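In the part that follows, the structures are each spelled out as structure tokens.
In the two complexes below, chain A is the common chain; its partner is chain B in one and chain C in the other.
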Partner chain A sequence: MSGELTPTHSPQGTGASFIEQVKQAQPALAPVAHPWLACFRAEGMERFAKAGLPTTRNEAWKFTSLRGLDKLTLSPAPDAKSVPVDAIPTALEAPGPRLVFIGGQFRADLSRTQGLPDGVLLDALSAQMATDPQGLADRMEGLLARFPGADHPMRSLNAAFLADGALLHVPAGVKLAQPVELVFLAPPGVAAAWHPRLLVLVEDGAEATIVEHHAGQPGAAYLSNIAADVAVGTGARLHHYKIQREGTDAFHIATLNTHLADASTYDTFVLNLGARLARHEARQVLGGEKIEARVSGAYAIGGDQVSDITTLIDHAKPNCTSREVVKGVIDGKARGVFQGKIIVRPDAQKTDGYQLNRALLLSETSEINSKPELEIYADDVKCSHGATAGELDEDQMFYLRARGVPRDVARVMLIGAFLDEAMDEIIDEQVRAYFRAAAAAWMGTERA
Partner chain B sequence: MAATEQTIEQVRNLAEAKYKYGFFTDIEAETAPKGLSEEIVRFISAKKGEPEWLLEWRLKAYRHWLTMEEPDWAKLHYPPIDYQDSYYYSAPKTTPGPKSLDEVDPELLKTYEKLGIPLKEQAILAGVEGAGDSPSIAVDAVFDSVSVATTFKKKLEEKGIIFCSISEAVQNHPELVRQYLGSVVPYSDNYFATLNCAVFTDGSFVYIPKGVRSPMELSTYFRINAKNTGQFERTLIIADEGSYVSYLEGCTAPQRDENQLHAAVVELVALDDATIKYSTVQNWYPGDENGKGGIYNFVTKRAACRGRNSKVSWTQVETGSAITWKYPSCILQGDNSVGEFYSVAITNNMQQADTGTKMIHIGKNTRSTIISKGISAGKAQNTYRGLVRILPKAQNARNFTQCDSLLIGDKCGAHTVPYIESKNRTARVEHEATTAKISEDQLFYCRQRGLSEEDAVGLIVNGFCKEVLKELPMEFAVEAQKLVAISLEGSVG
Partner chain C sequence: MSLIEIKNLHASVDGKAILKGVDLTINAGEVHAIMGPNGAGKSTLSYVLAGREGYEITEGSVTFDGQDLLALEVEERAAAGLFLAFQYPVEIPGVTNATFLKEALNAIRKTRGESPLDAMQFLKLIRAKAKDLSMTDEMIKRAVNVGFSGGEKKRNEALQMAVLQPKLAILDETDSGLDIDALKIVAEGVNKLRSPERGMLVITHYQRLLDYIVPDVVHVLANGRIQKTGGKELALELEAKGYAEFGISDAAA
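Our next item is the complex of A and B:
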């Protein structure tokens, strides 16, 4: 029974030049004193060098080629402190706690961690490495133990460069009133690679909301390679949203592992607008009973962008519900990729799984590749998926035009309505409104 | 015996036996030495008196095969196959191309009688009431490696239809064979198809001339009999402009403890305005409850809808085989061409099936429909794997796909792996899939009305499959319905 998104990687994988650059860059990292963390890096490097970059011959990467990475000439990331920042994106009217990273490095002066309830830990990994490396190692070890066999070349690469990232630890029973924002900005004009790590622990009965922002400018071919490990405790609730607006020359690769315990709720949504190549790969392990997992997303792309949303919803225990709605709008020569797999393991009776994937092709040269997949080993289940691809409905267009709505306006209305079906999955109202506005802005620039 | 009585008799027989085709016919056979080599390829070709170009083609395939690796992407598990431990040619000794049925070994005729396949020309296959005396079906019977008889040849010839074994076609219609053989499934296509190109021994050949509607169903009945033999048949059907043909395929094998390999290739070519309807009831020996024995069914079936307005419809009922690896596909080249795929795949006990279809939309206004019903019981694994690809020039292409899976018991698995690739915005692709178990309410309803649990399951499953079964020609529909119930025997209670 295969539970992996990326089961095997040929050792002779492509990307020789990229791997070489990576090998050369690693020794320049500031050393870590803590043995576990040092070992974590070394093992990551070893695994990545062995696996290489995944190729399209690998089933999990069939539709998304990382060959572009091999053509990059990476320079070292500049010192984050010297990068001027004029605006920090926020989804909130009254910004709350946040961590800001420039080129993967923490900027304490732009961050806010005051005013959190007692016991809540929100800090940069670089700071934790200096102040409490043992605590960090313990947390990481505990998190990683929840995902046995979750080997992934891009995660190994991330591990090899473990230097910074965000840690949020919400103790049992604590409810965060305000969303926590994690902002990752690319320094303008720098073709570098950074590998931030996200560690999120929401303990039993706790509640939190996270909003990730990833943004950059066009003109630089940088790589942002994020790995996240998330654990949601018994009866806990986590809302986890992400908006990705990297520069249109950038590579954005995010690999998330989320473990859910009994009766927890996980509500996650990703909005992909930027990057030349964006891959959001999320694996949810429903490791308890009565879990509600909502794993949705949307993307709107044009030019020669590629947006890949790959998800695995792994029902390991009975009586859980999962729901997934992913919608995409594709213009220009862009290509959308959706790979969504639902596994129902032999134990997971009474599973209710629903998945919908729809793509709207706006141009002659746009393309969609969709692979919704069900792998079911239990009989008392209700699972379904649907997938469609097509263009704007001419009847709907005619309806609006007949009522005097100009074509351009009608088009924006219809595309907006199309994406709204996915956006409606976002539970947090403020975030939903913000994401909608971001998609509307995309339509404004794309169709102008 | 009147047709109706025969039907009743046969259906009763079907219902009684679990796998009633498990018998073995003791018949003298001529067999090639065990193993696979260039010599064997040459032996087969020489045996068939083939022209040089065909031998060259076989050898090209064989040499290419040596460089290939067995595919492992399907959700199937089986021990490695020893390709040297099998016979690649086995033919009943008495039949080097019998001139008429009278010359066919009576043992063979008896075998087919037992299987319910009429080789006597006045016979009518069960299931059609009131079909009267007009023949509704012509049969080509393939026994191990060779075709032993083809019925109603004369009647078909009157219409210009060529229906014969492919070996005969190579001799009598080499220009047609040479033009079309390998034109849909090239020799380098995939591991099993390439192997087939090298060692195929027989199969059926059909050519329907321009504007002709075949007056009867054409059918091939495949029987594996000899021990340790692989069956590698090749079917080629060409429907010329404006023609129509409905073709049926059935297959059985004796009950044996070891696994036997069946690697067939089927190529269909539909020219302008032509229609081919291809139906399969696959009932190879599935192995016993513990997964011992059974046929490995690795089959490549592909149709080229080359002409405008051409249409190919695949219907398959897959109940047999230890392993099924099969993806009947349509290449929709001609504008307005239509591809259909209706499938029922039933796996019980330790059976494994990885089956589905590919619809490649190339021409404008091409349409495809995929209806797949997977039923998994016992400890079986049943996978639907399909591809719908819309190429940039396929303006206004349409696809609708529906895959439903039914699980009976908590030890089996049902999986759905569709690939959807669209490069044309005017194309509309829709895919739906569901997985569920037999509804308790439906079972209760049937049980309350006095049906046994097994009958109730049979009834419900037949209902579940109805959309597909109704696509089968009458001759097969009756048998298929019964087969559905039999295949699931022992899966409940």
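Our next item is the complex of A and C:
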């Protein structure tokens, strides 16, 4: 039995030149003094040099080729301190706490961390490296210990370039009234690579909401390679939403590891709209009993975009529920990838798992690769999954038009209704409305 | 002036001729019924008039309110005032009745050069019309036809007609799947819309509906053509004799 999304890689797949490039780019980073953190970087480099980039010969990457990534400039973005920013995306009506990163670099002047309850730590990793490297190292070590053997070449690459990112630590019993927004923007016209790290600790009985924004402009071939480590404590609740609107020449790769303890709730949703290639790879370890995990997402893509949502829901203990709804709209020559694996380990009796994957193909040349995978080792479980792909319903189109609704509007109504079924999974109403509006805006530009 | 003038209309599906020279004229203020056996081309006629894809017009013309109807897109026909009440209303999950009807009405108003209704004005209108059809607010908020019973779906068609106020309403087998109570409600809704400016074409297999929506003219459609035209008494005659006179055994119906 394997809990890995990505088994060990062989380096022969990707050119040694890429690994050379990576090695050359690394010294451009500011050095870290703390031995554990320095070691973390060095080990990341070592592991990546061994593994190389995943190739399509690897089962977990069969549908998503990183070809083209090896042609990117991998040096870090130039100093982002003076990059002008005209608008910072927000899903919220009232300004709340947020961290803003430009080209992977923290911008304190654009961020807000005041007003949080006592004991809550929200800060940039670069700031923590300077002020409390030991505390940071301890937290990271504690987080990583929850995911033994979770090796992944893109996480190794991320580790090799550890320089900045976000840390949110919510102590036991504390409930954050406002969502925390984490905003990652690409500096316009910069071809570079950044590797933000996201560390989230929500301790026993605590509650928080995170909204990640990832955005950029077309015209720059950059790589945003995020790695996240998330731990949700006993009885704690975390709502974790992400909207990805990277520039259409960019690569966006996110690998998330989330550990859930007894009776916790994890409600996560990803909306993929941007990037030339976006892979959102999320692994949820249900490490306790009576956990409720909601792992859903949607995407709307066109042109020659690729959107890959790959998830692993790992039921290790009894009496847990997981629910996953992923829907996508694919136009032009774009391609959607969904790989959804659910493991129910021998101990995980009374597991209730539900998975639905649906794709709406808007053109003859659009494509969906869907791979639902159920590995069930317990005998008293309820697991269902379904996958469909289809076109817009002609009868529905005719009905709407026969009442006077113009073809374009009818199309948008039906696409919106299709995506709404996924968006309904988002518990937070503000975020749901914001994501819906973003999808509607996508439909507006697709129509133009 | 006639509201709609269908001349020598031929239409085929997948190369098979279904309509073989239909001639039919309806004036404003008139209610016409088309009766006919299964397979006569009744539904084809309604779909061809509404503009559904998949039908090839091989001959003939349709003039609607002075316009060449066949040259118009589906939504342009609706905007011009043509309304088809579907035999099988389509379910649209995720789109509420209210949203759907508001889009439709405002699109039609735009073509007419009228300003769009805002949410409040629209709600007031739809509530009043729904009440006439014994429809609840809850039904307006529900997704289009999703979870509706057969009768509710047909009432929903009547509601749309009442909101959109077409010049010509085509009712395609509106009685199918309705019990007598539902039929009465729908017929009442349709009768309310009878006016000197509006024409109606009621397509039905059975005479029953015509007890409630009494036509001015009755046509018999069989073998893709209008075979006979008469007054409302023709419907009763057909009910008694069947369609055998037109060379078709109705035993299968």
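In the analysis below, the second predicted complex is superposed on the first by the 441 of 448 C-alpha atoms of A that agree within 3 Å, B and C clash if a C-alpha of one lies under 4 Å from a C-alpha of the other, contacts with A are read in each partner's own complex, and residues count from 1 in each chain.
The rule is short, and it goes like this: a residue touches a chain if its C-beta (ideal position, glycine included) is under 8 Å from a C-beta of that chain, and two chains touch if they have at least 3 such contacts.
Fair warning: this is a prediction, and the values are worked out from it, not measured in the lab.
**Student:** Please work out whether A:G390 is in contact with chain B alone, chain C alone, both, or neither, and reply first, second, both or neither.
**Tutor:** First partner only.
**Student:** Check whether A:D380 is in contact with chain B, with chain C, with both or with neither, and answer first, second, both or neither.
**Tutor:** The first partner, chain B, only.
**Student:** If we overlay the two complexes on their shared chain A, which of chain B and chain C does A:A417 touch? Say first, second, both or neither.
**Tutor:** The answer is second: A:A417 touches chain C but not chain B.
**Student:** For A:L362, using the defined touch cut-off, is the partner it touches chain B, chain C, both, or neither? Pick first, second, both or neither.
**Tutor:** In the superposition, A:L362 touches chain B alone.
**Student:** Specify the partner with more touching residues on chain A, choosing between chain B and chain C.
**Tutor:** When the residues of chain A touched by each partner are counted, B comes out ahead.
**Student:** On the A-aligned overlay, A:L29 touches which partner chain: chain B = first, chain C = second, or both, or neither?
**Tutor:** In the superposition, A:L29 touches no partner, neither chain B nor chain C.
**Student:** Applying the touch criterion given at the start, work out whether A:F398 contacts chain B, chain C, both or neither, answering first, second, both or neither.
**Tutor:** Touch partner of A:F398: chain C, not chain B.
**Student:** Which residues of chain A touch chain C in the complex?
**Tutor:** 394-396, 398-407, 409-410, 413-414, 416-418, 420-421
**Student:** What residues of chain A sit close enough to touch chain B in their complex?
**Tutor:** Residues 59, 346, 349, 359, 361-391 of chain A touch chain B in their complex.
**Student:** Taking the touch rule as given, give the residues of chain B at its contact with chain A in the complex, in rising order.
**Tutor:** 73, 390, 392, 405, 407-437
**Student:** Going by the contact rule set out above, which residues of chain C touch chain A in the complex?
**Tutor:** Result: residues 50-53, 73-75, 77-79, 83-84, 86, 89-90, 92-95, 99-101, 103-105, 107-108, 111, 143-144, 160, 164 of chain C touch chain A.
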